[in-house]
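Right after this note come the structures.
Presented sequentially are two complexes of subunit A, the first with subunit B as partner and the second with subunit C.
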Partner chain A sequence: MPQTNIDFRNILSSGYVTFDPGPTGGGLLIVDQTPYAIYVSVPTNYALAQSPTKELFDRLGELKRKYSTASIPQSTLPSEVAFQNAQDFVLTLPLNRILKPTIHVASDGEVNFQWSGSDFQIDLGFYGNDKFSFYAEKKGCDPILGDEVPVKDGIPKNVVDFATAV
Partner chain B sequence: MPQEPHRDEGNSAAPWFSPGLVRSNEVILRTILDPDHLEPGGKLAVAAISLQDIRFRGWSVDRKNYTSLRRVKLSHSKWKENKPSIVRCYVLPIPVGEIRHSNPTTGVHDFVVTDEALWLNPAHAAVLLSGPKGESAARGFRNNLLQKLPNYVDVSEAFAPSDKYGYLKGMLGQFVAILVSSFRYVFR
Partner chain C sequence: MARYLPFAGKNSIVEMNVAIQFALQFDQKIGDSIEAIKAEFAGEFPKFEPLQMVSINLGPQQFMMPGTSSTPTLSGFNLTKPRADGSAVRVLRAMSNVLSVHFLEYTSWQETKPQAIGYITRCLEKLAVLDRSPATSILLRYIDRFTLDGAPKDANAGILFRPDTKFVPARILDRGNQWHSNSGWFEPLPGGTLTLNQLSVSSGMIETVGGVIVDHNSVYNLPNPCKSTEELIRGDVNQLSLEAILDLQHKSNAGVLKNLLQQEMLEMIGLKE
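Up next, the complex of A and B:
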């Protein structure tokens, strides 16, 4: 069912793209929907606004190209699924509240997300099994650990609070 | 699950090739190959230490006592040949005592530094978690280790002129180890 820009704004507090109300009031078609992503049909000439999500997607794309061939001795390349999991995870991040992570690839094929601050650290990564693990610590708080967390579950709220931007 | 690695600091993983066990007053050198892991200000990204390495394979390092600037530069040149995007190789000169320092909370060593000498590479050693750990726990230890690491430096800054004969010393040690091991084998 076609939905309007207003619906998008209500559903997505921090979306991959923002949809400005068109002069004619026209909306975009939802082509698919999951608990953590809404796929829409966008006109080819539509200008996508820069957003933290897009920046993270761009970084993942850059790393995917960079690590498409083996270069470091005894290294394992990240799998296609690891990048897909990372991308799906980005869509679950409340980027209006949490700081943007830095993303790197480790020599064992991990796609790693790192948040660092003066009093907190979050280390989270994907190996391409549709799950992730993480370790989060903040001064004055007990560390929070998680193993084999399904990607679709996203980052736990108490971990978000460690790296909250606002 | 990968095979349980050698975590015993009191015994070499390769006594036939070892110039001696790793002492706490030594310095080990870790080469950082991936330029993406270098952060501004001399620090490293978390991904510079792979979880597989500290949990199972061993994070490869060279004992400075048994290598030399020329030897390390030779290794770097070979890597650069294979990967033109590697412009410069940096090293971390890490005091072993820093890694072996007991965790103030638990009172135990989080990491071990073991002798893993290889044929023609007597300086090879490995940094590993002191015991089996889950993935998320290993992330925590990795963060602690990162905080202890010094800034990365150009390899030439890690060696003094007096370190010139380290590799030769290591090879002599390896030669002695092979002789001693052979005698032990024959006369046991």
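Up next, the complex of A and C:
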């Protein structure tokens, strides 16, 4: 017999409380299942506190505003296309798996992404030609480098593995 | 101009669950298997929590339901693989009458499906629960999140959803940042088996970021309750294997998203054909 929506309402819930009349109609039964105590919680495990894509877009927007009109002696400002390439690149990243990079601009007009940890370093840059270059090293592994990689190709998986957060 | 972004780069999936529902709730007998489960998964899920079930009757004593108890009983577990910051990246849980695997770092179906089936198979072998509580349903649930890149006042579901989508009512497409839509329907899958689809789509401020969450749960009711791990995993002449059922459910989820989302978003998350 098919089950109903109501039957499945609480499936996969990590904790729930239901209020049902007792079998004789005289009582109010509260059923709750949680690790330790009675509470009502969201039915899944994901955290809503972070929005990695949006946070990186906000950082790029901040840098773009800051350096769109600045005049810095003996330096080249990043182009509009370099920022656009960086945004497009963010949309190729598996950000639920890889750590978030820090983003800066360099005096030669590069929009630069860096990942660093206790045993690895990744340096990656955009100059606004729809391509990027990178250098990655990790303790115990051979360095990986790439030049003139099309932005749409994204970062190679073996480089992602250097900076995995999982 | 405002637009929506996949939650995490090329991924919009914040969580994916594969679960088996059983005919009966887990009972105290599961406690006998818990140490074996803990040892089996110690390397992959270092954090272990036993789950207790408590039933409390607020009514008069004479109306106490048979089988209920106010004494906590060990009747499940929660195994977690944490990230460096302590947050969960993967969870294996037995609670109530559901054994579920939760992936919070979903990358691809090809990678995740065999892992999910592997966890479930190993878990069922240790739990040895199917002979007294057969499996009745298989669940596959995807939760996708799309964050708003723009001011909340500029939020508009019409940017994210197709104008002719059949999965949310047209009236929400121009109603700004706050709305929700819940629906459920049965759909036949091969063999005439009915699958319940539950779809919850909601929009609002999530922390300080506007966004939309698409929560799709597919519940495949097994034509015959499964009483052995072998039968559930491999199937038989009358029943598809677990993998084949999950493949159908996965395809069904992709179908929902393809009818729901604009082409630009489908391209971003790799669903555009």
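Methods note: the second predicted complex is superposed on the first by the 115 of 166 C-alpha atoms of A that agree within 3 Å, B and C clash if a C-alpha of one lies under 4 Å from a C-alpha of the other, contacts with A are read in each partner's own complex, and residues count from 1 in each chain.
As a convention for this text, contacts are C-beta pairs under 8 Å (C-beta built on N, C-alpha and C of every residue); 3 or more make two chains touch, one makes a residue touch a chain.
Owing to the predicted nature of the structure, the values given are computational and were not obtained by experimental measurement.
When the two structures are aligned on the shared chain, A:Val151 is found in touch with neither subunit B nor subunit C.
In the superposed pair of complexes, A:Ser51 makes contact with subunit C only, with no contact to subunit B. Contacts of A:Pro94 after superposition: subunit C is touched, whereas subunit B is not reached. Touched residues of subunit A, counted separately for subunit B and subunit C, are more numerous for C. Of the two partner chains placed by superposition, A:Val159 touches none, neither subunit B nor subunit C. Within the superposed three-chain model, A:Asp123 lies in touch with subunit B and out of touch with subunit C [touch as defined at top]. Of the two partner chains placed by the overlay, neither subunit B nor subunit C lies in contact with A:Ala82. Residues of subunit A touching subunit C in their complex: 2-3, 5, 8, 11-12, 14, 22-24, 26-36, 38, 44-49, 51-54, 57, 90-98, 154, 165-166.
Residues of subunit A that touch subunit B in their complex: 63, 66, 71-74, 76, 102, 104-108, 110, 112, 114, 121, 123-125, 133-135, 137, 143, 145-147. On the subunit B side of its complex with subunit A, the touching residues are 33-34, 36-37, 45-53, 57, 79, 82-83, 85-86, 134-137, 139-140, 142-143.
Contact residues on subunit C toward subunit A in their complex (touch as defined above): 5-11, 13-15, 17, 19, 21, 49-60, 62-65, 68, 76, 78, 81, 83-84, 87-89, 91, 93, 95-96, 98, 100, 102, 104-107, 137, 139, 141, 143, 145, 147-149, 184, 186, 194, 196, 198, 206-207, 209, 211, 217, 219, 221, 268.
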